[in-house]
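Each of the two complexes below includes chain A, the first together with chain B, the second together with chain C.
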Partner chain A sequence: MASWSSLGFQDAASPLMEQLIFFYDYAMLVIILIVTLVGYMMASLFFNKLTNRFLMEGQTIEMIWTILPALILIFIALPSLRLLYLLDEVGSPEITIKVIGHQWYWSYEYSDFLQVSFDSYMLPPNELPDNGFRLLDVDNRTVLPVNAQVRVLISAADVIHSWTVPALGVKADAVPGRLNQVSFAVNRPGLFFGQCSEICGANHSFMPIVIESTSTDAFLNWISSSSD
Partner chain B sequence: MGKSLLQRRVIRVGLPFLVLIVGGSFGLKEFAQLRYDFRNKRSVTKDEADKIGVEMKTAKEVTLESEYEKVKSIDTTSWENIRGPRPWEEGNKLYEQAVERAQSLK
Partner chain C sequence: SLERTRYATCKHYLCYKFNIRVSACFITTRMGLFEKDFSQIPCFRQTFMYSISTGLGAGIVYFLLTSKIRQATHFGVGSYAIVTLGYWAYCRYNFSKEKQRTGQLRKALQHQVAYEGTELESKVKGQ
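Presenting the complex of A and B:
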């Protein structure tokens, strides 16, 4: 999970986030190669004593330094487009949850089950247990089953919010009057945190999201205890 | 071209090779099928839910369009623009409500 001074991504908890991290690593490698090459060329200028005051043109080298960048861009664009279309795929979802953003809490409704809905408020810091996460823990967590394709429908009841869980690679604005859809599968059990990502008023920083993923049985037992 | 069919290298080497490649792909299918069986496995189904005793709606009942109809009825115009002290400062009613709510959970 995110902790202070962490530089990179959180560990992926869904296949899409794994692919995003792979693409990031690949693009970063290409960028580092380019920067190293250009940096080396610039540094070597300091030690170069050759001069040609009558240099007019160099057709071959101009061809090379036009074609090569174009090739590099193609090598970056192809995996990028593959990932872009992969993110938009809608596999058949196993469960659907509806998330409504309010000032300043989230309300969840499990559309497939009868009467499972609850509000999720941040725990105020002085009501937090000693092992709690400040500004991240909530009173009612969103429980999801592992390895099940989940469809999340996101909207808002007052102003624009944004629902995100970085470890799962999902973020979508909660716009009043509009229903946005994201789809993901959590591939390991655990707690995954996120925070509202669109300025929505005084307590915008204090409406976090917590996803708790467990086995299918534990999930269904939680559903039956929540719908009572 | 005086050799008989079975003596030609094309047949002696080529035919077993082709049989291996084509037949091997049929054999490999048995192993590769695992990937598709796992990906198509659905763990949260109506049957599983019935075993635990939880009622679950069918996939046809819960669609993007049906949920949108429900979302349309939410009232998005009656909200107050609340400005005020930070949660930990004096006089923040929302914070006091949050503390009460958390204490009622205990």
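Presenting the complex of A and C:
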């Protein structure tokens, strides 16, 4: 999970996030190389004594510095487009949950099985255990089974919110009157935290999301106990 | 390894409640820029091995042939950049292809257990 001074991505907890991190590494190396190269060229200009007052054109160099960046962009664009379409695939989800954003909490509905629905409020500091995570822990976590394809339908009841879990690589706006869909599969057990990502009022910073991914048995036990 | 664990024991209350180890109990971080272990990035090591050695070699050879320091430096840096970009794209493309094949194979093996002894298996084997 993220802690203070974290600048990079959290460890991936879904195949999609792994792919996003792979693409990020790939593109970042290209970008850093370009920046280094241009910086080197600019630095060497400081020590350059060549001048040509009658310079009018340079067809060869213009062709080079047009074609080379175009090639680089193609090499970045192809994996990017592949990932873009991969993110939109919805491959036979096994579970569908509905997430509704309110001011200032999330409510979840599991309608596949018995009707299970609950609200998820942030634990205020005075109710937080000594070893809880401030501003991140909630009273009712969203439990999901590991390695199951999950479809999440996101909407809102009042103003626009945004449901996100960085470790899973998902983020979608919760817009009133609209249904947004995200699909993912959690590939390891654990707790994954997220926070509302669209300004929604006074307590926008105090409506976190916690996904708890467990074994299928534990998930089924939780579902049956929740429906009771 | 470059991993560092910030808390030696589980601090999250869920660990006490359910006696389970959740990944949030151990906040691991990594040394290095952006907590990233660069050696774990696929193709990173090979790319920089080839590009640094090519850049150095090309720069030295150019200097030996022409005795021009500045141009040799330009040539070395240019070769380094071209080899880095070129080999990185080539290596990552192969890595991506291999990863996709491995994923398909893993899925096929998982399904094979379910389809064993059924009509579908005999149909697939017949093909």
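Everything below uses one rule, namely that the second predicted complex is superposed on the first by the 221 of 228 C-alpha atoms of A that agree within 3 Å, B and C clash if a C-alpha of one lies under 4 Å from a C-alpha of the other, contacts with A are read in each partner's own complex, and residues count from 1 in each chain.
Quick note on the criterion: a contact is a pair of C-beta atoms (placed from the backbone, for glycine too) under 8 Å apart; a residue touches a chain by one contact, two chains touch by 3 or more.
All figures in this text were calculated on a predicted structure; none of them were measured in a lab.
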Checklist entry - With the two structures laid over each other on chain A, which partner does A:Pro129 touch: chain B (first), chain C (second), both, or neither? => result second
Checklist entry - Touching A:Leu114 in the superposition: chain B (first), chain C (second), both, neither? => result first
Checklist entry - Among the partners chain B and chain C, which is in contact with a greater number of residues of chain A? => result B
Checklist entry - A:Leu37 contacts which: chain B (first), chain C (second), both, neither? => result second
Next on the checklist: One more residue to check, A:Pro189. First (chain B), second (chain C), both or neither?
Outcome noted: second
Next on the checklist: Looking at the complex, which residues from chain B come into contact with chain A?
Outcome noted: 41-45, 48-49, 52-57, 59, 62, 64, 67-68, 70-72, 74-76, 79, 81-84, 87-88, 94-95, 98-99, 101-103, 105
Next on the checklist: Using the touch definition from the top, list the residues of chain C that touch chain A in their complex.
Outcome noted: 6, 11-14, 22-24, 27, 29, 34-36, 41-42, 44, 47, 70, 73-74, 77, 81, 84-85, 88-89, 92, 96
Next on the checklist: For a test of understanding, state which residues of chain A touch chain C in their complex under the given definition.
Outcome noted: 1, 3, 6-8, 22, 25-26, 29-30, 33, 36-37, 40, 44, 47, 72, 75, 79, 129, 131-133, 188-191, 193, 212
Checklist entry - Can you name the residues of chain A that touch chain B in the complex? => result 92-96, 98, 100, 103-104, 111-114, 121-127, 139, 145-149, 153, 155-159, 176-177, 179, 181, 201-203, 206, 216-217, 219-221, 223-224, 227
